[in-house]
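Letters are used for the chains, namely A, B, C and D, taken in the order the chains are written, and counting of residues starts over at 1 for each.
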């Protein structure tokens, strides 16, 4: 399968390139970047020399349609919404990593992203697809890949929400490494500011909130609001997501553990931790795993769930490859059999 | 005022030395360390050469009583409980930075610290003293200095609890730098493990829990339980404490802000942030400040409070000096007029 | 003494503010910043609230001359050269922290800085002043403060060069934290690039080279060239400078140690390490110290010298205060009695 | 090919496990660790669960000889010397990653390692093998894998030394991440000490010195001494090695560049950088590359060479796999086609 990547020089695009380099059944047929067209990738990223180096081509949809089987959009929100249209018109398969096709509702998008939405007739062509809950549909040719925070949150809450176990408010305290904010320059990503620091930003205003509640209510109508905090911690990669929920009724630890294991039976990339063990961030960084642990407090009837992912892999490029595998009928872990780097 | 420090080579002891070096009304008369007695401090810590260097003496209570006006115990829990007794017997003023004299209840201590408690007749001599809520008492000669997490939590919750505004469960998600765990060696503090990582430890089992609930219930009997998580983030110093509480009734942001400002009127070391602004960690590191910000979610009626401190200063040595100043009748900020380092 | 600071919101300016806050004989009378005039400092840097907060005023030389006794220019190279002229004309004392007044030669400046030089008649008013080698001169009203790398290098080499002990080439391998590059934004200072990385930049092309050789040849005409490498390491503050020189003749370790101690006799801010001990970076960060250690290799007759400083203090603001103290006749360590932070 | 690993739970052993997991022609048949025998690897390293997890077996040479084709010793110096003997006696192939079989001289080993050497009759069975300079010999069944610093240095100097271009002293200023010191606990690897710090240790006393000079003199008898400094920088992985040499005669940049390219023609894992470009550390971390750049200073006739590697891959486990591939006749990059992680 020939794959074109648009937005090749961003963090997401680079990670796609790295993962596809080892994919047994798909290969990168072309890299595209309007800002860097004509350059070799290694001129910008010397580390790719001799490994994943390739010419960066301009973004020309006709050329791409003619020369690849699928296109991966690793472009920022506000860009995908424009670039995807041609491919949809030409019925050329697309997986979009941005937030632009995650809603069926132009207004909702425009409220949270403060950008012009793609028209509804294109939105409805897309399927928002968490691969662990994938069901083949007519639309699966156009896939909207979940956001990084949304992935960690939804995989962490799914067993509880699908079984309707939570009473009221869901409190989410998510921490992300700096790569989550992309490579654009700002004082908040300046080393001197970010190093030795922790910052909480966009409290209850992060654009992944409607994406999360849309999916939660699809699972169980009650859960239409969340308390959502996002912080930056001084690491490059990884999301450490802590969630607090009050249970409708007291549960045993064994029972809760069973529910989680049941939900992710045969889901290779979700690793439910042994009882009472919580994952640390590093045990997933460099891999496509989402590791989930939980601790139940009998006194307060609060269940704390910790869900960790590599934001650039399971939270972006890895999940996109997983969706590509499902789309193409490849084994789900093609190109994703990664050992976390740990050290 | 002549001050002796016991436990001089630990992080807390070193910070006391640094702060007292600039104190206008108190001076270090002697440093004590059983493990390093006979050495100069600079043999262990070359950075002190020519500034705060001094001979390290053995821990001999008679000598100390004869040669200083007050003794600061920067010794670990389980050590203070033994060392303090002599000074209490001799009515020599003590400020203890460990957890050993924070409860009036031997059993409670032994349950949470898994160590032998000091006898009750000594416990009752001590006052647990948050300087912002200081009231001179008969016991103020023996002061138990609050723990680092407890300081961040209690200052962050005091306005709400004292005014009885919280409904039910208090959820606390606290993150600390590695110095919080002290200088003893373990895999979890090895650079290769801690760097680029985040770990949640002792969920609902941290020994600061009873200290927090003891004070909360002293303020308002209802608040006898908390949900408490403690994590390590890859910084050396600082606690970033995020708290989530459901309010009994809806409040305006202005109203909440007023309540906080009222509580800390004329309290120099607590800086309530402007409305809707949350502090970052670095804005207090290197200083004795506790900065507090909050964001109210009208939808969920959840108030999120963020409280940040330097764990070694406001969470330990700085607060101890603040308590010393109150004890001695010095201006509260003697030796504590510190500009956060920030860069 | 009333001090005005121009360029108050850069790293150097902020550090000046912090140091002068504790100065017993000088005080900040005004802060100036063209880009931020009209704002309070705490609007940009919340950590200054209640401590060093002040109104930021526009840069108006008449006002400044009327309202202060001396002006500190913490402005970038290319800006000082323009701003300083008025003050020189008005004979208002200036300490400039930029590279703009370090040479007596317009061409030399323009070659290395790629910027227009201040006119020679202004250059000659300035004295390049390493406080450890200060001699009061007619010009000492206008002081050019040494650069950060130059400080670490010159203090490390002075004993050898002044005594003419080095044969041939001097090899300097200097490493700096990210604050050395200032707060302007670039990919190289983006957290994701700088973290977990090390980069060598401007090999033999750094603008501190002519400043170093100018001083070396002033001490001993032979030393007119150096091999000079500058690297970024993932810390915020500090310069770790390793220098390798071949000695003219074999020397004993004792002898070399004596020469260093002799040179810095009664120089409080240079701490020669015990024989065979090398300083680490942290033992000076947060202080005005320059710590120097050396190891002699009898086999190769190479002496390795390690010199460490805090680039923002001894390499910039601290040294400027030291120069101000010398100018004003204050004790040399006024405002500079700082304990390295270490933890 | 069935591979046994001894010392499986150290950094080197873990990296071998990770690399062999993706090897097309070799597989791990067993992991061995005396200290952890009987446990699953994932009990110690949860990140391996479901990927590289395996039972840890005791170190029993008979069992290993019977159940694998080759044994990789990822044990510390002083342990390999003892464990390897049995395998040599039984003519079972060994690749040893420690320093124990790098010399043909017991005394030399004992001087630098301060440990008992393996007997000479075993030493002489081993070949010290830099894969880039591999020539099949009778002994190639017992391979001693080069040390991490030695690898970076020797690959960086080979073109110059083999062509006899250097005049006199070679100055090496090498910096390493903390994983270089292994997982054992010490104050120097405690996060609070290593973070925000840089330390120079073992100046001219590092045990890789004789390994380097042994190889240099094998290439050209003149180069029997080096000036060698090793530092720790606050990263987990990577060696950044800066070398300074005076050339015998002036050379053009083009000429020097040609010599390097010629030496490494068809050597996939050495990437000579474009002229005047220096590699940064991150461009090799996570890969088996050694990237080399250089800058020539016409004024001083000094050539500076920068050589960067991932100390755990090219400096240990990756190089061992490369040696295994050469031994077994597999393609040299089997299991080593790794894209540097970069972000």
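Just so it is clear, a residue touches a chain if its C-beta (ideal position, glycine included) is under 8 Å from a C-beta of that chain, and two chains touch if they have at least 3 such contacts.
Please read all numbers here as calculations on a predicted model, not as lab measurements.
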Most distant chain from subunit D, judged by the mean position of its C-alpha atoms: B
Of B-D and C-D, whichever chain pair has more C-beta contact pairs: C-D
Mean-CA-position distance for subunit D and subunit B (Å): 46
Distance from subunit D to subunit C - Cα centre to Cα centre, in angstrom: 39
Interface hub residues of subunit B, defined as touching at least two other chains: 11, 179, 192, 196, 234-237, 280, 282, 343
Residue ranges of subunit A touching subunit C (in the complex, touch as defined): 11, 178-179, 183, 185-187, 189-192, 194-196, 234-236
Residue ranges of subunit D in contact with subunit C within the complex: 169, 171, 173, 175, 192-193, 196-200, 203-204, 225-227, 229, 231, 233-238, 240, 242, 244, 246, 278, 280-282, 285, 295, 297, 299-300, 302, 304, 306, 343
Of subunit B, residues touching subunit C in the complex: 11, 14-15, 17-18, 21-22, 45-52, 179, 196, 236-237, 268, 271, 273, 277, 279-280, 282-284, 286-287, 291, 312, 337-343
